[in-house]
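There are structures below to look over.
Consider the two complexes below, in which subunit A is the common component and subunit B and subunit C are the respective partners.
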Partner chain A sequence: MITLRNIVKNYDGKKESSRAVDGLDLVINKGEFVALLGPSGCGKTTTLMMLAGLLKPTSGEIYFGDRLVNHVEPKDRNIGMVFQSYALYPHLTVRDNIAFPLRERKMPKAQAYERAKEMSKIVQIDHLLDRKPSQLSGGQQQRVAMARALAKDPEILLLDEPMSNLDARLKLDVRDEIRKLQRELGVTTIIVTHDQEEALAISDRVAILNGGKIQQYAPPEELFSQPVNLFVASFLGNPPMNLIDGVVQEDKGVQAIVTSGFEFRIPEARKLEAKHIGKPVKLGIRPHDLMLTDGSDPNAIAMKVDLVEHLGSGKLVKVMDAEQKMQSTIRFVTDNEAPVRHGDTIQMKIREDKFHIFDMTEDGHNLMQFR
Partner chain B sequence: MTTSTLKKALAHTYMTLLTLPIIAMIVWYFLAATMNFTTGEFSLDNFSFFTEPVEYSGIKLPLIWPIVLNTIVYSLMIVAIEVGISVPTAYAFSRLDFKGKGAALKFLFLMRSFPGITLIIATFFILVKMGLVNTYLGVMLVATTGSLPGLVYIMKGFFDEVPWDIEWAAMVDGTTRFGAFKKVLVPYVLSGIGAISVFAFLGAYGEWFLFKLLIFNDDMLTLAGYLAKLVTKENQIVNYGLITAIGLFYTLPVVVFYIFTQKMFMKVNMGGAKQS
Partner chain C sequence: MKTEMNLEINLELNETKTYKKPLRKAIYPYLFIAPFSLLVLVFFILPAIATVGMAFTDLNASMKPHFVGLTNFKRIFSDYNLPQILGNTAVFAVLSLGISLLFALVISIATQYFLKGKMLAVVYRILWLIPSIIPSVVYVTFWKFIFDPTEGGLINKFLLNMGIISDPVSWFTKGAMAIVILATIISTISGGMILLSSAINSIPEDLYKAARVDGASEKSVIMKIILPTLKWPLMYITISDLIGFVSSYFFIMLLTQGGPMRDTTTLSLYAFQQAFNLKYYGYGAAVSLIVVFISFVLTMLLIRMFDFNQMIKPSRIED
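Moving on to the complex of A and B:
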């Protein structure tokens, strides 16, 4: 188990302005696969480097099990790491690259080479053992880096954007392989990525970072269905969630969010506390949670079709309110058969319970109580 | 004739014309060493310095072989010292954070472009005070001081090119910081070390001024100093044949060395790390 407790990292010791990680708390269970996901510059690499021991936290504690490792050197942490650039040693052959960490542990050469051969078979590069890194393709280099990281049977595997240099097709293959390998070896793995699809696909839990803070740390489906705040909601999902400005109003015990284009009635079961009445909120609806309906539906909202894009598997429809009073369009997804054309006026409704309301008076947290 | 062949012909003529003087010079150089100009016959008289001490017009110089030995020992020692100091120093400048690094770097740059000759009187005075005049130690101190800033600067450039990832990877893989330096960084910058070794060697091999200034015993000279002795002002009669002959003997190893090291540079492999 890895525990990060209130980790702060300032690159320039005293200066607060150089803060890259700002009070991070994270617990990673043994054998778990965790992704650190966030926009560029949010402190993912910094966090990983602190786990590796290549950077020292300014304050806070890092535990591996019960052992405080803040001041343990990287070489004594028993970690394997794959860098974004792969960082293979250019002067060594693939065999020597994989054997390098073993040789550093004073393993006899013959044995180290034997193990290197084994590892290379697992990642399917055993025919390349005598090559130099410069004679390998990007995908092959990536495999060598994996083999090198795993050769010493590490307790923790750290991956810093290991797939960002691969093409889209290869990415998918490598992703599955990494996941399979990780399951087989049961090694606790932390991957850094800014590719949300990758993070959601591969990990048991995802920590979403922004501004050096964890926004939400949960399994992928929970992040998707129950985002804790506006950042998580808007960061995840493609096409992104619709976020519509509105104000909470109550009339005869019925609450509604009034936007410039329409009024959305909040179901009885989801009623907000009274203190939110009259306050600004954002209504969040995923494009998949809007659907077409007919005019007889009491919840129907009339909209004008602005644009229709074909996604292959369906259509992405952008709509405006009839009077065009809203600042932004609303996106939703329909199947290919739906008769939607540019300029049409359609009726749509929000899927029951599939909406979020974010408090805009404070930090944008989600007002919906789940479960 | 098409324009492209015309262009080619022009280019070739141009190149030939430009290289001709150089070729002529080399040919003449060989001739001067191996021909008796008064009789116009081929002769190896000028190469008698191989077997006996040089002596003409009142100048007496020792036999050349001990001088050759001096040259080899001196040059190799300079290479060892200068490379041994500049590589770790350059690493520190490139990779470590320490107080006064910026100022030290600026000073280094200043020293590199500073004409050392202007300091020579002070240097001489200091060496006299320290009792290091007429010793190899004195010459080496002054010589290394002069060339280190340049070498450190070049070497720093090579270290700057090494991605941090490689060093970090080594440390995660079980080396200490020094281990990473030794096992990963040094091999990575090997071509740079080769380059500064060549510079250091050529500098030492061609050093005559310091020998002229600080060494009074002729049998302590190196080849460059030896050659310089032959062209002294006091005796105006210069034995041209002798100078070119010794000059030839002096240059040949450098040419061979150059061809050899050039091959080595070609082989050095700089790949394997994709930089993002």
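Moving on to the complex of A and C:
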């Protein structure tokens, strides 16, 4: 188990302006696969570097199990690490690269090479052992880096954007392989990435970071269906969540969010607390949670189609309210068969169990209580 | 409309005739090169040809050359000074090269790896640059002052004051070669240091991080990451410095004039003295050709030793 307790990291000593990580708490269970996800500059790589021991936290504690490791050197932490650039030693062969950490532990050469061969078989590069890194393709280099990280049988595997230099198709394969390998070896793994699809696909839990703080730490499906705040909601999902300004109003016991374009009735089961009535809020709906309906539906909202984009698997439709009073356009996704053309007026509705309401505080807390 | 028609005509022309560059455009590159090629011709190529020609004549102070065939070269190999001069050249070149390479390497690794990014490292390297930016004559005067054989010399004064010696020592008679080598290497180190430092600086930071995670010792980092990266810069420095040392005579001439006796006379200084002090131009030219030949052979040997072919070979295999 890894525990990070109130970690703060300032790159320039005590200067607040150089703060990269700002009071971070995180618990990672043994054998778990955790992703640190966030936009650039959110402190995710800094956090990983502190886990590796390449950076020391300004304050706070890092525990591996119940051992405090703040001042333990990287080599004594029993970690394997894959760098974004792979950081293969350019003048050593693949075999020597994989055996390097073992040789540095004074393992006899024959034994280290035996282990290197074993590892190379696992990542399917055993036919490349005599090559230099410059004679390998990007995907092969990535595998060598994995093999080197795993050769010393680490307790913790740290991956720093390991797939950002691979092309889209290869990424899918490598992603699956990493996940499979991790399951087989049962090694606690922490991956840093800015690619949300990768993070959601590969990990047991995802920590979303912004401004050096964890915004939400939860399994992927929970992050998606129950974002705690506006940042998580808008960061996750592609195409992004629609966010519409409105005001909460109550009329004869029925709550509704009134926007400049339409009025949305909040279903009985998801009613807000009374203190929010009359307050401005943001209504958040994912593009997948809007659907076409016909005029007879009491919840139907009439919208004018502004733009239709083909995504291949479906259509992305941009709509505006008929009178164009709203500031923002709304995006939603339909299947290819839906008869939607530019200029049409359509009827759509919001899935009643799939919307979010955020308050107007700085963090934009999600007001829907998840029970 | 008119331009459109012109375009069409041009297109047709292009299809039938192969395109010919207008003369003005074709002449531009040569126009830019011309002044410099003239300089190269006058100051490099013609003197080289003249030297080769002279080496086969008995040109001397009378300035009336006669073709003498290989006589000059025969004379070189029967010259009783030759063994000592060749020995001096070898000692001077090898020691200067070895020591200055070692220093350049140690300084670059120290300042770019162990003290990377520290102000101290920058200041230290700038200090080493000073000897190479001082004009040679001033620089040599400084060394002459340090090793001055009278009581006024820096070292003599110091040792006398400390009471270690009672009479001033004539340093230039005792260790002329050592002084020459010392002065030469201290002004050469900075060149190699700059090249090696920038090569070390180009090593990605991630490699050091990976090495730390892998538990690499400093020895492994230096032997397996830094030194292999320095192979080509080291080759370049070795070749250019070696050629420089084999063919240089400037410092030696200013410091010792090749003396005492011929103790510090190298082959190139000997060529200079024969040609310009004794006015045996033909003989001097022949000796300098020998210098060129030695430099050439050494360069070829070093290129083979460093496996230069491997560097120019494309390395990446796509699959």
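The rule is short, and it goes like this: the second predicted complex is superposed on the first by the 369 of 371 C-alpha atoms of A that agree within 3 Å, B and C clash if a C-alpha of one lies under 4 Å from a C-alpha of the other, contacts with A are read in each partner's own complex, and residues count from 1 in each chain.
Note that a residue touches a chain if its C-beta (ideal position, glycine included) is under 8 Å from a C-beta of that chain, and two chains touch if they have at least 3 such contacts.
The shown structure was predicted, so the numbers you read here are calculated from the model rather than taken from an experiment.
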item	value
When subunit B and subunit C are modelled together on subunit A, clash or fit	clash
Which of subunit B and subunit C A:57 touches, first, second, both or neither	neither
Which of subunit B and subunit C A:104 touches, first, second, both or neither	both
Partner chain(s) touched by A:165 [first = subunit B, second = subunit C, both, neither]	first
Partner chain(s) touched by A:141 [first = subunit B, second = subunit C, both, neither]	first
Partner chain in contact with A:212 - subunit B first, subunit C second, else both or neither	neither
Footprint overlap on subunit A, where subunit B in one structure and subunit C in the other make contact	52-54, 73-75, 79-81, 83-85, 87, 89-92, 100-101, 104-105, 132, 134-135, 148, 152
Subunit B residues within the subunit A interface of the complex	163, 165-166, 168-176, 179, 184, 187-188, 190, 269-276
In the complex with subunit C, residue positions of subunit A that touch it	52-54, 73-76, 79-81, 83-85, 87, 89-92, 100-101, 104-105, 131-132, 134-137, 148, 152
Subunit B-facing residues of subunit A, complex	49, 52-54, 73-75, 77, 79-81, 83-92, 100-101, 104-105, 132-135, 138, 141, 148, 152, 164-165
Subunit C residues touching subunit A - in the complex, by the definition given at the top	204, 206-207, 209-217, 220, 224-225, 228-229, 315-319
